[in-house]
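Multiple structures are listed underneath, in structure tokens.
Look at the two complexes coming up: chain A is in both, with chain B in one and chain C in the other.
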Partner chain A sequence: MRVIKLSKENLFPFLEVISEKTGLWAPVRKPNSGHVFKEIDDFAQIDLDYTRTILPPKKIFLPPSFNMFKASKNNYEEDFSHVSPKILFGIHPCDIHGLLIMDRFYSYVFDDPYYSKARDNTLILGHSCWPDENCLCKSTNTHIVEEGYDLFFTDLKDSYLVWIGSSKGDDLIRVKAELFDENIAEKDIQNFIQWREERDEAFQTEINFSAMPDLMELKYNDTLWEKLGDACLACGSCTNVCPTCNCYNVHDKPALGEDSSQIVRCWDACTLENYSEVAGGENFRKKRSDRLKLWYTHKLQAYISKYGKPSCVGCGRCIATCPVDINVKTVAHTLDGDKVDSFWNRFHEEVRK
Partner chain B sequence: MSVEKNELNPNNPFLPEPARIVRMYPLTDDVKFFQVRIADMEKALAFKYCVGQFAMLSVLGAGEAPFSISSTPSRPGLLEFCIRKAGTVTEALFKLKENDLIGIRGPYGNGFPVEKIKGKDVLIVMGGLGVAPLRSVLLYCLDNRDQFRRVILLHGAKKPSEMIFREEFLDLKQREDLECYLAVDEDDTKEWKENVGVVTTLFPKINDINPENTFSLVCGPPVMYKFVLKELVKLNIPKDQILMTLERRMKCGVGKCGHCAIDYIYTCLDGPVFTYWDIIHMRELI
Partner chain C sequence: MNQEKLKIGIYELTGCAGDALLILDCEKELIDIFNAVDIQSFLMAKSDNIEGELDVALVEGSVTTEKEIEELKDIRKRAKLVVALGLCATVGGIQARFGDREEWEENYKKVYGDIDMTHTRPVQSKPIDEYIEVDYYLPGCPIEKEQFLNFFTRFLKGNPPEKSQNPVCVTCKYNENDCLLKKGVLCLGPVTSDGCGSICINHNLPCIGCWGPLDVANRTAEFYLLQEKGYDVEEIKKKMANFSGTKIAEFFKKVGKEKR
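Here is the complex of A and B:
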């Protein structure tokens, strides 16, 4: 891998040339709510001083709702209108790991063209980050990335170290090579080492991830699940914000007065009540506790069997989002034997009233 | 991974292929038989599947649902389904007529491990709509009769009028190379000449089971499993030679939508056929 340097004042000029013909998506601050990935029309909107966006970048590849087909009596016309060339700038390591999990998932046995076409049309320009109290990515070992990006920008105060991760990334640099500096000085390396050390120490939350698969197994029938099930509102928010949740539903929406339909695919959540219903109305997972168990089996124990590894990338979104504090941190700490007193106390007072 | 990909539309596994309903007629009050042919002749003939696999059928305006294939790959060209009215898609299917078009995708799922079963005794136990996937196996065994040793069929229904494929199975009783036992819980017709009682009452009728050399294939309503499994274990049939096919809310069939997840497996890819051992091993299976 090649590493070069970019001085900070050259960032926007660089983004400007590469986004002339391609939509640029980057984090933007939304008043009173947080950051979102948004298509940029004015560079001043870009706010790189963010921890996590409300929704993960999965929404750029598979929007919450989009058309798969325009269907008529004997013809299904494919609709790929959600796919367009994009540059995604400012994505953090945990979210890049999230995309790597999605990549494997959506190409496993059958290739999902709605995902892969959107993915192939998007350049990934990662950006380094600084953890807050909810970031778990050091425990999930997703706080650094070695693959999955075209370029990666490490912020060293007055300049960036730019890691070139693909030949497409290399092409981007060549569009305006004069903005970059090929020479990395000894001082830059020292700065990078110092940055890494300080960042490693800035993590405030830890989960003993390697113990989770065994503990999930051993505590499968623990009363903790019933308690969590009682409190869960079945709102599905945790699923919507998680970068590795992929479930969806498909609806056939007939056009009024015509013999045609839109086949619409929209995000679904295993935490919702009717998720596991089969034809005839039987529901294999009527209990909220059973649905939470499924969610946490995937996040903490293993994803699909062949993937063989938990699917939490430690982004902290479920922690920031769940209205009743059910999240990987509280669940993992409880499994690990901690009482997490403040959590359970508040839980009993507020939630179980 | 046992899924062998044989897609109708390799570039987009979600794209339904037009298929025509060749025949349809009622099997019971709420179950209908559908025989369909993929409209594109070349694709119809190239369509390959294994016994125990399923397909997604779609009706414009109503949506898509999974159905076990009830025909056998040993009779190519036409696909058969037996479908119970139980939701939007099946209601729409019931309203169609012969010659109407539907959409089809597939085949999906692992299917029964036919190669392992070859040369062995086959004990098929079915009830209710469990005939849908198991009729495929049964016809396959009969079409390739020399490749299997004993073929035994136990079939249970509530009443004669609810026995799916009743006439077909009664005819099969004539065959010398099939041990066929049929039972109804109660006979409301007074014309039933076969057994009366639940399906497990048929077990004493089969003798000299050689458990090590027997594969048992089971499918039926959830209540049936418990009792049938007990009988099979009593016969000493090894747990990994007892195969069952399970229903889940499959939405995509190709391991993407997540709806069929159990623990950390996806039934549409790793199932719908599981061994009794898998079922003991995975907590949520039944």
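Here is the complex of A and C:
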């Protein structure tokens, strides 16, 4: 790992040369809406002043819905059209950690070529950020990155400190090395230390993740789950927006007038009604409360027990998204004994009780 | 060869004919459709219609007259399988909102007075499954090309798709829209059947529920959430009723009477 410096006016010239032959993806603001990662054709669209995109970058590696292959009686044609060389610029530490968790899922027993080919073809250029009231990454210890990026840009107002995290990242720098400054002055280091301290103090939300596996176990039959199930709209949004949710469904799309079929793969969500339905019509998690229990077991317990860290990377998307305030913050705080202000709590108190 | 083709009939009861029109609007695929099956009856498309035995009847529209009840029962007798095509056939349509008999009679009197109908007598609008057994449902107002072609093709190949149990929110998130409901807009996405491609929200308009009520939706939570967001009870009920036909009449009887 090596750190160099880039003055702010040199950022776009740098992006311009490296994206000559490679698609550049970066955060842009959607009209009347939030931020999204999008392929850039005009640098003026890039908006680095964002906290979180609506969907995490998993959509670039496995789009919400795509053709896996075309099958006919005697033929089989794989479709990797979502795979192309890409540079993903402006991704925050939580999302880099999200991808590292995805890497584990999709290579755990078998390698998933649809994921890994897209992953291998994408350079990760991270960017520092500033927490809002929903950011939890300090609690999940994903506010800093030690791996998982090719370059990482820390914004120190007038210039960037640029971490080189891989040999591919180093190659990128060499494309236009004259834009960078190898000499980091004492003042730059001081600025970085100050930035880090201030950033760490800016977090407004804390979760005691290390207590969660025990509390999940102890409160497995708590009335909390019924309260959550009562208010949950089963919309699947929390699951679709979570950078570490990875379930999918596969269905056939036969072609009219020819003997072939597209095999389509799309995101699935365990919070939806028919996720746990099996052949014969049996459904093992017909109750919303059971489905939420599964989701939170995944985020707060199972992964911690296995890998020593939660499968929540603290991005805050479930908080920003769930219409009835069921999210990792209100659930973890309730498990920890706090009384939280949320629609699901009020719904229980005022309507259901 | 011709004998092996499935015999199909496409019928329209009371509706806007949008679903039948949509089938004709599949211009690129129309020749393939007509080649793949034997279309026996399709009033909007041709005049030499034969009313005999059918493998599949696709029925659009809700039942609003005594004559239509007879027609529908006759179709059921002749067809091995019946598919409800579009919102009106599936739930009764906008013309069936609230599903309250008294209210219907009152409205009817207001519009028509005491005249005696000679051709056929009107009845309160109902979905087709109030009178006959329905094998498959294709919701939508109108149905959508991709959905119809996928259903049609899978059906032909002996593997008809299940009705989606997802709400509009799923596709809304696929399309990376910020949630309007979270921002306080009256969006019915969570209680509405998926399939339209979340087209309204993609244009920054809330879902008004035109694909009809989702069977498994948590309507009670949506109802109280909208109240908390500041909407008036009557307004919420009206919006929820618009495209729900008779299917959520039970919900309307109970809602608002929960213990507070």
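Keep this in mind: the second predicted complex is superposed on the first by the 334 of 353 C-alpha atoms of A that agree within 3 Å, B and C clash if a C-alpha of one lies under 4 Å from a C-alpha of the other, contacts with A are read in each partner's own complex, and residues count from 1 in each chain.
Methods note: a residue touches a chain if its C-beta (ideal position, glycine included) is under 8 Å from a C-beta of that chain, and two chains touch if they have at least 3 such contacts.
On a predicted model such as this, the values are computed, not experimentally measured, just so you know.
A.B. asks: After aligning the two structures on chain A, examine chain B and chain C and state clash or fit.
C.D. replies: Fit: chain B and chain C sit side by side once superposed on chain A.
A.B. asks: Report for A:His298: first if it touches chain B alone, second if chain C alone, otherwise both or neither.
C.D. replies: first
A.B. asks: So in the superposed three-chain picture, is A:Asp112 touching just chain B, just chain C, both, or none of them (first/second/both/neither)?
C.D. replies: The answer is first: A:Asp112 touches chain B but not chain C.
A.B. asks: Is A:Met68 in contact with chain B, with chain C, with both, or with neither (first, second, both, neither)?
C.D. replies: It touches chain B, and chain C stays clear.
A.B. asks: Touch check for A:Val36: first (chain B), second (chain C), both, or neither?
C.D. replies: A:Val36: touches chain C, not chain B.
A.B. asks: When the shared chain A is used to line up the two structures, what angle, as a multiple of 10 degrees, is there at the CA centre of chain A toward chain B and chain C?
C.D. replies: Result: 70 degrees, to the nearest ten.
A.B. asks: Which of the two partners, first being chain B and second being chain C, lies in contact with A:Glu78: first, second, both, or neither?
C.D. replies: So A:Glu78 only meets chain B here.
A.B. asks: Who does A:Asp252 touch here: chain B (first), chain C (second), both, or neither?
C.D. replies: A:Asp252 sits against chain B and chain C alike.
A.B. asks: Kindly classify A:Pro323 by the partners it touches after superposition: chain B alone (first), chain C alone (second), both, or neither?
C.D. replies: In the superposition, A:Pro323 touches chain C alone.
A.B. asks: May I ask you to decide whether A:Leu272 touches chain B, chain C, both, or neither, giving the answer as first, second, both or neither?
C.D. replies: In the superposed model, A:Leu272 contacts chain C only, not chain B.
A.B. asks: Could you tell me how near the closest CA atoms of chain B and chain C get once both structures are overlaid on the shared chain, in Å?
C.D. replies: Shortest inter-chain C-alpha distance (chain B to chain C): 5 Å.
A.B. asks: Between chain B and chain C, which residues of chain A are contacted by each of them?
C.D. replies: Correct list for chain A: 251-252, 254.
A.B. asks: Write out the stretch or stretches of chain C touching chain A in their complex.
C.D. replies: Touching chain A: residues 29, 32-33, 35-36, 149-150, 152-154, 156-157, 159, 161, 165-167, 169-170, 172-174, 176-179, 181-182, 189-191, 204, 216-218, 220-222, 224-225, 228, 258-260 of chain C.
A.B. asks: In their shared complex, at which residues does chain B touch chain A?
C.D. replies: Of all residues in chain B, those touching chain A are 1, 3, 5, 7, 11-16, 18, 39, 58, 60-65, 84, 86-87, 89-90, 101, 103, 247-249, 251-252, 254-259, 261, 263-266, 269-270, 283-284.
A.B. asks: Sort out for me which residues of chain A touch chain B in the complex.
C.D. replies: Residues in contact with chain B: 68-69, 71-76, 78, 105-106, 108-114, 220, 246-252, 254, 259-261, 268, 270, 275-281, 284-285, 290, 294, 297-298, 301-306.
A.B. asks: Along chain A, where are the residues that touch chain C in the complex?
C.D. replies: Those in contact with chain C are residues 30-34, 36, 53-55, 59, 64-65, 230-237, 240-241, 251-257, 266-267, 269, 272-274, 288, 320-324, 343, 346-347, 350-353.
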